[in-house]
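You will see two complexes here that share subunit A, one where it goes with subunit B and one where it goes with subunit C.
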Partner chain A sequence: MIVQQLLNGLVIGSVYALTAMGATLVYGILRILDLANAGAYAIGAYAGLFLYLSTGNILLSFAGAIALTGFFGFVVQRYLYIPVLDRPPIVPLIASIGLFIFIQDLLRLVAGPRIREFQASLPFGAIKTETLTINPTWILIIVLTAALLAFLWYLLAYTKIGLAWRATAQDLEIAKAMGVNINQVVAYNFLLGYAFAATAGIMVGMLYNSVFPTMGDVPAYKMLALIVLGGLGNPVGTVAAAVMIGLIETLIAGYIGFFLPRDAIAFVALIIILLIKPEGLMSRKA
Partner chain B sequence: MLKLIEIDAFYGKSQALHNVSLDIRAGEFVTILGANGAGKSTIMKCIMGLVEPKAGRIEYEGLDITRRPAWERAALGFGYVPEGRRVFPDLTVEENLKIGGYKLTDTKVLVRNIEKAYDMFPRLKERRRQLAKTMSGGEQQMLAIARALMPEPKLLLIDEISMGLMPIMVNHSLALIKKLHEEGITVLLVEQNANKALKFAQRGYILKTGRITLEDTSSNLICNKEVVEAYLGA
Partner chain C sequence: MTANSILSVRNLQKHFGGLKAIDTVSFEVNKGETLGVIGPNGAGKTTLFNTICGVYEPTAGEVLLGTQAIHGLKPHQIARLGVARTFQISHPFRDMTVLDNVIMAMGGSHYTGLKGIFSISRTHDNISKAEALLAKLHILAQRDKRAGDLSLGYMRRLEIARALALEPKLLLLDEPCAGLSHDATQEFIDIISQLKATGTTIMLVEHNMAIAMTVCDRLVVLNYGVKIAEGPPAAIKNNTLVIEAYLGRDDDIA
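== the complex of A and B ==
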């Protein structure tokens, strides 16, 4: 039972990590809170669902949805954020809130307001032992998240573009002077971040068997909590915070019960942790 | 080699540079002197593309680079040592050097230039895996210079080498820059310490609240009564 709950928490935490990663990376270099990243989560879920309904191939629908949403991320940074970068930070923030609302209403117009089911059959079965059942969607979420985060880790730690990203996050102006094409770094950042959010959206759609226009709402708020908890723009901190919140939520909801809705737990945890450690779990500052 | 022609630059509504013109010829060692807030760093940032002039032109080797993005200028042969060193705090010494050589496409050249930097500053080699923020101020200054030299610049732009350094370290750094100059690099040096700057530079500009008020050879500036009173201390 406890193992089952821990696994459940890990699954939830994985999804949170993927959802918050794009916005964490963006905050890391531009100091902008990209709320619209949670819109990419809903776009990804819808794209994945429609591709699955029309092709019946889950692999194809993942690939297609990720590519489409990644491209959307590229367009967003190029035509929304880059033009307002030299304005005060409130301008891009409001732009991102506007875009987020636009995405939700666009999805409502195109796909209708009702909740759609997302029942996909995966090419592998559940893992069953005497005490434990891991259903295929859980396996998918844990494996895919681990793979994507490992890929991101490799990119940041060992490649030239990763080094450029880290330098830009530490001192954007000097990185530019050293020859780092900031526009390119930002473009890759959005491409990757929106692709991650799309992946999370599809997986959550499958996990809860539901896709709906405002499905990005709660993730948007939680994403903000996770970015703050993770130390503002620190990818490793965000993963740690996401897994921790996933586990805390699941364990409290499963064992202790809580007088507030489950989704409130993340924010209670945020308040408590910020009271103890105001700089977040892992601060970037020395 | 580098020409600034009637540059006006602003931060928001406040004007930092008024009609500034500079002309630096290949092989020169030029300094800009001026009080705090005169606009020296702003000139450097205009040259590097970090501040965009409202009016005027910047020409480099006959090319108009006024509107070129900063990251394309590194490849033109600029080496920049910014005010306050600005090494990347959470990168290692070696990673800082790699970013300095970001525009080098040939890995062999990159590796060779890192080795050259280590030959020049053995201290950096000892600390190659150390995070830049854990180094002393003097070591960080060495790193900032080494980083600027990574792309084999033709023009070295140095913004206040003396800040926060012991006098002996300042002399040491200036001697190093003189050596680089003798090897053929053109140098533009901004310096608080006018005495020392004029000793090393061949020519100087005096900047007063965003305007160039005087331009002459170092030997003439050292004798100029106004300059002596304002910058060299009586």
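== the complex of A and C ==
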């Protein structure tokens, strides 16, 4: 039972981590809170669902949705954020809220307001032992999240673009003076961030067997809280915070059977942690 | 333009609203020389640097690197073309190691195109090149330290190593000795002399006349955005306009 609950928490935490990662990277470099990243989560879920319904191939559905949403991220940064980058931070924030609402209404218009089912058959079965059942979607979520985060870690730690990324996050002006093309760094950042969000969206759609236009709402609020909790733009901190919140809400909901819904538990936990550690779990030293 | 001119600045102007921070300034930097830009506080020295490096777009005038016009280009393009700079206030990438700071600036071409995504940062080649630069600036022993933990003098050296990693045609140093102790300043003068000896072309902004006189081959003197004198240190020292600019009015002295 405990293992089952821990795994469940890890699954939820993985999804949170992927959802918040794109926004974490963007905040790290541009100091912009990109709420629309949660819109990419919904776009990814719909794109994945429709590709799956038309092709019946889950691999193709992931690949297509990731490519499409990543491209959307590229367009968003190029034509929405880069032009308003010189303005006070409130301007890109409002732009991102506007884009988020626009995405939700667009999805409602195109795909209808009702909840759609996402029943995908995966090419592998559940892992069953006497006490434990790990269903295929859980396996997919844990493995795919681990793979994507490992890929991101590799980029940041071992490649030139990763160095440029870290340098830009620390000092944009100096990075420029050292030959880093900021626009290119930001473009890759959005491409990857939105692709991550899309992946999370598809997986959550499959996990809860539901895809709907406002499915990005709660992840958007949690994403903001996780970015703060993770130390504002620190990818490792965001992963730690995401897994922690995933575990806390699952364990409290599963064992104590709290009178609050699990999303509320997550936010209460976030508030308590931030009261104790207002600088976040892993804040950067000045 | 002389045949061995690396940088030529022609009738450069930078205005901020009604303020003429740089007012029709022209000069050349020749290959292998160390040109000092001096002047009282607020003379426009750092603005001149920022305009050359593309941080500010010039209001009018031209900047040529060799024969190529670079005014109007973006800072990263100018850096890749071979103008590397340091900053008056030291800004290493604090959370990265000293070594990574240098590797990050190496090979601007690594960042272009798709191959840039996957090119590995710590290749054997990159590490040995970066180590050579750190050795040149006498900070090889600090290689694996977090850059933010270095002393100010070491940070300044790291900034120069990082700028040299761009393999620049021209190195711009913005008051490299500001805030350093007497001994550290002396060490820095040695480092600059050593760079000169290896053929690096340097343009140096300096507030301190004594340092500028020691290390520079030629000086350009700015006052209120206008070039008031140009020539070898010995001539500048006795130039009445320069003496007036520095000593003429009390409020000019920092």
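By our rule, the second predicted complex is superposed on the first by the 285 of 286 C-alpha atoms of A that agree within 3 Å, B and C clash if a C-alpha of one lies under 4 Å from a C-alpha of the other, contacts with A are read in each partner's own complex, and residues count from 1 in each chain.
In the analysis below, a residue touches a chain if its C-beta (ideal position, glycine included) is under 8 Å from a C-beta of that chain, and two chains touch if they have at least 3 such contacts.
Just so we're clear, the structure is a prediction, and the values are computed from it rather than from any experiment.
Under the clash rule set out above, the superposition-derived model of subunit A with subunit B and subunit C contains a clash between the two partners.
In the superposition on chain A, no contact is made by A:R262 with either subunit B or subunit C.
Which of subunit B and subunit C touches more residues of subunit A: that partner is C.
Of the two partner chains, neither subunit B nor subunit C is touched by A:R116. Of the two partner chains placed around the shared chain by superposition, neither subunit B nor subunit C is touched by A:R78. Within the superposed three-chain model, A:Y188 lies in touch with subunit C and out of touch with subunit B [touch as defined at top].
By the document's definition of touching, neither partner reaches A:R108: not subunit B, not subunit C. Contacts of A:L155 after superposition: subunit C is touched, whereas subunit B is not reached.
Within subunit A, the residues touching subunit B in one complex and subunit C in the other are 160, 163-164, 166-167, 170-171, 173-182, 284. Contacts from subunit C toward subunit A in the complex involve residues 53, 55, 74-76, 79-80, 84-85, 87, 91, 93-96, 100, 103-105, 107-108, 110-112, 116-122, 148, 162-163, 166. Across the complex, subunit B is touched by residues 160, 163-164, 166-167, 170-171, 173-183, 284, 286 of subunit A.
By the touch rule above, subunit A contacts subunit C in their complex via residues 155, 158-164, 166-167, 170-171, 173-182, 184, 188, 284-285.
Subunit B makes touch with subunit A in their complex at residues 48-50, 69-75, 80, 82, 86, 88-91, 95, 98-100, 102-103, 133, 147, 151.
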